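Below are the structure tokens for one structure; questions will follow.
Residue numbering begins at 1 within each chain, and the chains themselves are lettered A, B, C, D, E and F in the order written.
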Amino acid sequence: MAFTHLAEDGSARMVDVSEKVPTAREAVARGRVILGDKVFPLVKDRNLPKGDLFGAARIAGILAAKKTPELIPLCHPLPISKIEIHFALNEAEKSLEIEARVKTVAQTGVEMEALTAVSVAALTIYDMCKGIDKGIRITDIRLLEKRGGKSGEIILEKGGLHGSQKA
Amino acid sequence: MAFTHLAEDGSARMVDVSEKVPTAREAVARGRVILGDKVFPLVKDRNLPKGDLFGAARIAGILAAKKTPELIPLCHPLPISKIEIHFALNEAEKSLEIEARVKTVAQTGVEMEALTAVSVAALTIYDMCKGIDKGIRITDIRLLEKRGGKSGEIILEKGGLHGSQKA
Amino acid sequence: MAFTHLAEDGSARMVDVSEKVPTAREAVARGRVILGDKVFPLVKDRNLPKGDLFGAARIAGILAAKKTPELIPLCHPLPISKIEIHFALNEAEKSLEIEARVKTVAQTGVEMEALTAVSVAALTIYDMCKGIDKGIRITDIRLLEKRGGKSGEIILEKGGLHGSQKA
Amino acid sequence: MAFTHLAEDGSARMVDVSEKVPTAREAVARGRVILGDKVFPLVKDRNLPKGDLFGAARIAGILAAKKTPELIPLCHPLPISKIEIHFALNEAEKSLEIEARVKTVAQTGVEMEALTAVSVAALTIYDMCKGIDKGIRITDIRLLEKRGGKSGEIILEKGGLHGSQKA
Amino acid sequence: MAFTHLAEDGSARMVDVSEKVPTAREAVARGRVILGDKVFPLVKDRNLPKGDLFGAARIAGILAAKKTPELIPLCHPLPISKIEIHFALNEAEKSLEIEARVKTVAQTGVEMEALTAVSVAALTIYDMCKGIDKGIRITDIRLLEKRGGKSGEIILEKGGLHGSQKA
Amino acid sequence: MAFTHLAEDGSARMVDVSEKVPTAREAVARGRVILGDKVFPLVKDRNLPKGDLFGAARIAGILAAKKTPELIPLCHPLPISKIEIHFALNEAEKSLEIEARVKTVAQTGVEMEALTAVSVAALTIYDMCKGIDKGIRITDIRLLEKRGGKSGEIILEKGGLHGSQKA
């Protein structure tokens, strides 16, 4: 078992994918923002006419997914063919779930794109709420699903925020 | 209590800081990467000659801090005057702690810069280890300390990874 | 009368502002998107729960204002201290007015930042509506107001979309 | 008739193009800069040895076309295979016409790339001439031609500034 | 013999590659940093635990290769499939050799990506050593090898720093 | 004598400049592109109406100077107040000299900005001429002058391409 991104001498490298055939790929990632007692009711009960809180976080996440190879040094540039970001409030935990779903047809997968989208959407929520409570936490950023490529389908956890639980 | 980044009609806006006087500011943020049983020993026992795993994550985090206003829509561009990123392994939790410390002399604080540095350093670790285990989780990204500006010093938790616990 | 951005031999240069004292500056710019008969009623009568059409254009415009020195070759990087973008529908012309208001404390003005914000917000509206009508036009992008610096206050036209006419 | 970039609940999304087959595509866009009485003769009669006014605007437009997916939130990253930008002076209107022609082989079109190139080239002209007249207007940015993909060839207006009218 | 990047009237253009078939391509470039008497021994005898000097330069070079179409106005965006950067110290010349090897499957080559990677890695070395000696020089940046496309294999000089001479 | 950009444990860091007072600073850097027998006469005898060869390289260099903190990991973001780039042909050496002059008022200097401008202008020349000769070399990139800050004026070599030798 070895680090694919490190050469034998330990130096970082971008893995060679030039021999691989482009295939359809998909990744779903999720994370949670613990909003807490002060921020949660304000987010939940918002009757904001334009709702730019989630709107801004969604756009930030989509743009960040496209910036992944610029942010994560050893990521390959990929022709992303779809990005969707969904939000769901969790009353019990006073938290906000964020899920990103990314697709491509490429030689390598879009896990990092999905994880980056979730991370930056979460940071945007933090930024817009930090005037109320600086103790907000971003947590549990992880990969849920991955499809395509040599390893086929991997379901670590089932995604689907765009279904019934949606904010 | 209201969202400073939303106008009365709910639309997003970049808050006006033009009347504020630039002061010295600092922020410390931290996060944790749960490496798990497969990845932790490989990271811990690495006798990699160049150690590019932490090195790459550190550079990625530093560059990301400088990109914060490009990633987080309502953040102000700031003349960052210092960025440091530290790592510490936690044997019990098989995890890696990441701490960022950012300074500026500006009209607004650098919390988002520190949180963004931690997030992108953590994503870089995930990327370089995902070939071994895709179940790695990024968790507990939060602000520890904040100094300067109208609110003065706020210590939510005491930072200091660059001390004894350092990786 | 000469081009300040061209040296005597006609070569492009970034004008020297190092001797100028930073002062508070503001610029207001406006533009219009001619939506036409097909798109206008859909935009006007939208009872979209999250209204991400204007939300996305606003975020795109704010981010673009911060990218101005990267897009316009001879623009100076500036510490933008505020950006606001407003929209207003014009029933008679079946059009959408977009107005950007940008502030800084710097050695040079923010006209280009305001004009860039309007342009990119307008392009984003075009992008999101082009599936319905490709004949949409972006027109009348111009400076309305400018304050601060040697030339003081210049009012070419009075801004104020954030007032009564707001969408 | 619906907004393809908005999900049923009104949230923004990047449209899924992963099922589409890459085909050759082309788009031509045009816009006009109303230079006015003061600036027009200086641009027209320039006997600038290096002519960096149009040169700078052309490079800015080409670079901006490549930045389109970074500027317009829901645009897909595309492997642009050609960009050309042409200028033509219009004596009667004291204006400058700017036309961009962009090609790709991809799953979606390059309309936004051509419109973005025109917009940023126009903003660059404004920037370089604003020291002489701040009343310059950017107007009539629109799509002229589109080729390739499911909708085939669409000619809204015939392009061709690179022909006889060229500056 | 003519400049492919200039139209007949001398204006810059991005060459049309839309008719070309994507093929596997590779480029190897090299450059040298003359460190001099003060800096060379410090770099050579470093027993730095993390060796972030070369690590930082390597990451900077890899990220810069991916930014090539953003930096070099007429370069096409390409799906880079591999980047490797190698260093070798030259005792006799008190210099550091930097070699970049880049691969893609695309309609045009990656010479500029390899040259840009070498240049930015060299600038990063300069930056990190300039506190000791500002007289460091970056020199002899050139293409060594090029494979793929119409011109086939071109060996101007044989690369291979990743072999015996490696730092 | 130690590397200011490496902490005691060898890890990279962005040096703390928050205690330093902003002062006027200037840097001049130069480099040479060895064009060779095939390319030199074409560049020299160009009677190109728009001369976009040098124009494109100049714009690329100016934009790159503004991107320095994004390219060079440990560079501080700076409010650049002037950038000029000059070219001079050298008949004897069949080469092109490139000189960049950058100014700021900041807590740290602009050496890296000037060196980056020269490097990217040189790469742009290479790119536009590589269709004629791939053996072009970029060489002798170095700092000539530096003014401002604690170290005051340092003249390693006298700059001044904008004088008599200008291309």
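In the analysis below, a contact is a pair of C-beta atoms (placed from the backbone, for glycine too) under 8 Å apart; a residue touches a chain by one contact, two chains touch by 3 or more.
The shown structure was predicted, so the numbers you read here are calculated from the model rather than taken from an experiment.
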Same or different for subunit C and subunit D, when you check if over half of the residue numbers at their contact belong to both copies?
same
Could you grab the centroid distance between subunit B and subunit D? Build each centroid from C-alpha atoms only and quote it in angstrom.
38
Separation of the C-alpha centres, subunit D versus subunit E, in whole Å, is 32
Where the centres are mean C-alpha positions, what is the separation of subunit E from subunit F, in Å?
17
For subunit F, residues that touch 2 or more chains besides their own
9, 11-12, 49-52, 54-56, 58-60, 63, 67, 73-74, 77-79
Taking touching chains as linked, do they make an open path (line), a single closed cycle (ring), a hub with spokes (star), an all-linked set (complete), or other?
other
Here the pairs of chains that touch are A-B, A-C, A-D, A-E, B-C, B-E, B-F, C-D, C-F, D-E, D-F, E-F
Along subunit C, where are the residues that touch subunit D in the complex?
1-6, 9-12, 31, 38, 42, 46, 48-53, 55-56, 59-60, 63-64, 67, 71-75, 111-112, 115-116, 119-120, 122-124, 126-132, 134-143, 146, 154, 156
Of all residues in subunit C, those that touch subunit B in their complex:
24, 54-55, 58-59, 62-63, 66-67, 77-86, 103-105, 162, 166
With touch defined as at the start, can you tell me which subunit A residues reach subunit C in the complex?
49-52, 54-56, 58-60, 63
Report the residues of subunit A in contact with subunit E in the complex, numbered from low to high.
7, 9, 11-18, 69-70, 73-74, 76-79, 106-107
